[in-house]
């Protein structure tokens, strides 16, 4: 495959993820939390809940309501962003909710709400995928029963090449961007968007490549959770 | 199914039963659109306008063209702004107020289809780099919501752009002066949005309001005249298998030419 | 009368209405609706209700509350209007409510609300009057019991001449504009505003002329409702 | 009567009984104003200011004058902006927050009276056509609401304009420079708003808060010094017969000179 | 002390207050009210309450909630202020609440609210202190039981001199501004802010000087209340 | 105590008992800070950034630098804008939405400390008087609220400014052009905010979330390197005696050097 030789701006191979660092349980106040670095993206996700819903009339009698809020810090981009929510923020909050909902046993918490807050400290392309990845870890950290984890990353096309995990530059100057979220054990795509122009076959290849990426990220999520679990066990032992 | 907690599950049951028999509640086949009509020039005072109807769904799009300053990071490009108003005339559930999640999504997906397909060359809409460019506003006014707003809004928006005329300006000493003449916006592509709902294990085309209320998820695939995909949006609380995605793409690519015909035939 | 000879920009006689087209029942979702073209004005009005009031504390124990919202589409004017409500929109919503309220048997629906939404697709002078005219038809189409219809149009003065039904140009360059709404059977004026400068006698002539216009519009309202009614009867017959 | 459902109908009964006897609850005749006072120059830092009191109703108006860009469609005219704040100090029913229906109407009717009567020549307020004009802000602050805000606000606004002084600018090379001098705004007319309430079959002048609460409708007629009408506003949930309208116009034309005297006598 | 010789822009001595005029009971509608002129500051304060709290969930089961709103009229400053609340207004409303709360027997009115509204008609430096001074008088005028009055004024430093009660010019060009509110009988400082640079000893001198100013203002508050009380007694007598 | 009506008074009792014994709930002495750490450069894309932690309290500050127009009354000065977002990640009690009272106060007190101490020379941030100046934005993002946000926010803000670099512009013919070079903002002072809570009759330094919930009042004293005070804020529903104020000032002046060391040592 000629793509194997061609190199990207940041030197990665076409099917190579950016360096990813996931840490869970970073926020003492939150019921669950996670911090992710994916390339230069830096995002913190907090989970509060299950807890009582306010205002009450938004609650559902037989299941919990998942609410997701995506927010970029004013200093996360260049130029500075206004602190209020943009239309893009609202849309991303919505697709995050759709991406995470299928993985949660919401029916176990009637009348409750589960709140997921993603705060982007630095943005470098692919923040919605990184936010979903971190949110899934934060949900487990909060002890919320899950059908599966949700891992997310994008694939796309630049200068004719199909590539995995676009950075900011590739997102801006590439031909297409396909963010995907995926539940590996249940084999279901829970986020799918596309921007740009792709032949249907290319689109299929992008989705398949993104799913491969998600499977790799899934391993990193599990490691992060295990690491945290071991720390806790350690602490408990030390505390004995 | 997760959103179904309050809405009668009975309705879902009925819709699923109908689908299982290969016919939908309104008698349509699974991959069949309701009647589609597109009409251009409905608001003469706008620079471009059109209405699209899919069954009882009814959307009006208006294009207004003004002069403004370009964004800092694209000093030599015109600006495209797409907004949607879920006017309270359109549904007992719409309330007056600022745009909500659904109307923001609608506008952003229509915008993405037009922008990604490069339907409009934004570079051609620059008058003085860094200082004066055309600003193209597409405003979507929903008049009746009977399901599948996205495809109707997309048809109306593209039809309004097809018919839009921009005022010609003369550039002199770093200022722009209207010449009084107009010329058509050059529309290079006609992106077509095709939306499907997944209900149970079945994918149905052009969902009605009731079908949307009980669906597991929606997928919209926007297609250009060469059969390329230029926008995708999955929207809804359930996942899709890859086979379902391949099928949705295929349906969209197959159905788009029929909608494009309606668009091109519109007066 | 010398005014008989003088002609207006659009060729109408001084006491001539613009062409008017009224259609009722145009919106499948609404409980009642009407579409009006009055010159180049194009307006759709929907009625929802009587229905439960939200929030509840706004309801009245012994009658329905009428709420009117007037909104101009961004593309209805030149230059484009911002989509949010302007102060003018708020005032027109209020005077629409006052113009329609006396015609409705609100006391028959305690605790309920009746919502009237006017959406202006194209504006050409006299939108508030056209909105009221269409709203009255939409209220009947919704089956709401009425004491009378309400018809509305303006009179005014341009270049010294008293004229009926000002268009946008006459509104802008004329000496005065007097929008009037009128209940023909009850003989009551329910909207009266004035802008410009008029001698009290001229003002009286304007109001009298506008009332004549309203009487003519009233006939058009009745025809639109009859036409709709006959269509429905037709459909019922065909369905047999 | 339709707004009366919750407010005690007893109060209406009492007010109607009083009116039937030819005297109102506070002893006034039907066509009599409460005591009126107008005082100019109450806020020295504003370019113009005044307060008006009608009985216990108390309104302060301030005029601020700035330089701004003209509207696109009137490049050679200054701008007049009139706003009203129903400050929560003024009534137990006012709440802090953005302007509501009533305060928007108040500002718009006061604005219309000034604008229609051509009290200010907006053409004289242009410095550089299309680029720099005077912007005249009239801000109305309601301090106590005891009925008939509109007449009091209108008096305060016109009195503040009478006393307002605009800074003089020098125009040089397409820029404006303050000279440090000021001159009065030339006020060509003194429009006077006269408000009446219809209660039952009777029209009463200058309604109190209680009368407004039970009235069928209100009519405000603004009159200039030649006895011409320059704004009308009917506001309320009941209709008027033409005879009632003729009567209201007549009362307004007759009463305006008395208010104009108060205005001209104000220091 | 050399400061005795040095004179300020407006001719005052270093420890001299601006002319102050306080009048209570100026607003017929309010439960209590006061008008203050302090130099060129002109402020009206209204008190409504104790009254029922809306929305109810903000009420407290065992005491009243004090709410303070500080607002500047658009024409109170140069250039004109936008009518909406600024961040400064919000902060001043908050510190006013903190300054007044300790003086009120809030526990006597469970579930109620007491609303204090300050409207600045003209601003000339020191509006927050003048507002607090007037608010205390308005609270007494409303018949609300108080532990003490609250008097407020600022001290500060300009051209090296410690001075009392800064006007707008001294506030802008001075080295420091220290607004203080004080309960004279209870000897407690309830407002303390500082802006500028001061040696700790200078800060102490400013606070002590401001407290002296407050004690003087306290006398003026009492006189205003007494004057009002006597008027009322007079009126009652006349009415007999 | 007035805010304590709903929050368990039991908690206040416990905290008071602990304080009475000279030790706080977490074992600290009355005038002892929790562990403090400051780290610079956490957000590489910002012109300056830092995080500060005091115990579990965690604040990130970012500095962005842009070009804008000066205020009318200070045409030759740059602009400093300080905002705080109580992000809902930070506490179960924070909700998404516009800034509330507490976040406005936080930003204003941090801003006042920087501005009063003249830490930044705004005069040096002017490019073309009256037309182009630097605008320095300091945005505070609260990530975990465990009490005493103000001191942590102040540390983070000053640390971010210490590390901030501003782009250099060339001024030519009344326009500014980026040179591509950057240089540090010159920070002339390092103001340090020291906050204390009065609980009962005792003043405790660096209050925790629980202590803040039950405190009578808070006092924050900001101190520069010469031991001068450059901002004070008393915030809370109870009064202070002058002796308590003198004590608070003294504590602040004594403790500030320790915090300044942390700041200067930060990488």
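Labels A, B, C, D, E and F are assigned to the chains in the order they are written; within every chain, residues are numbered from 1.
The definition used in the following text is that contacts are C-beta pairs under 8 Å (C-beta built on N, C-alpha and C of every residue); 3 or more make two chains touch, one makes a residue touch a chain.
Nothing here was measured: the structure is a model prediction, and the numbers come from that model.
Where touching is counted per the definition, the chains common to chain A and chain C are B.
Across the assembly, the mean Cα position most removed from that of chain E is the one of B.
With every chain reduced to the mean of its CA atoms, the largest distance from chain C is reached by F.
Rounded to whole angstrom units, the spacing between the C-alpha centres of chain C and chain D is 27. Centre-to-centre spacing of chain B and chain C amounts to 32 Å, using the average Cα coordinate of each chain. Residues of chain E in contact with at least two other chains: 79.
Contact of a single residue of chain F with at least two other chains is seen at positions 99. In terms of which chains touch, the assembly is arranged as a closed ring, every chain touching its two neighbours and no others.
All chains form one closed ring of contacts, and listing them from chain D in the direction of chain E gives D, E, F, A, B, C. Those residues of chain F lying in contact with chain E across their complex are 2, 5-6, 72, 99, 101, 104-105, 107-108, 112, 116-118, 217, 219, 224, 227-242, 245-246, 249-250, 253.
On the side of chain A, the complex with chain F involves touching residues 27-30, 33, 40, 42, 44-46, 48, 51, 69, 71, 73-80, 83-85, 115, 117, 119, 121-124. In the complex of the two chains, the chain E residues touching chain F come out as 60-63, 79, 87-88, 90-91, 93-95, 97-98, 101-102, 106, 176, 178, 183, 186-200, 203-204, 207-208, 211.
Considering their complex, residues 42-46, 49, 56, 58, 60, 62-64, 66, 83, 85, 87-92, 96, 98-99, 137, 139, 141, 143-146 of chain D touch chain E.
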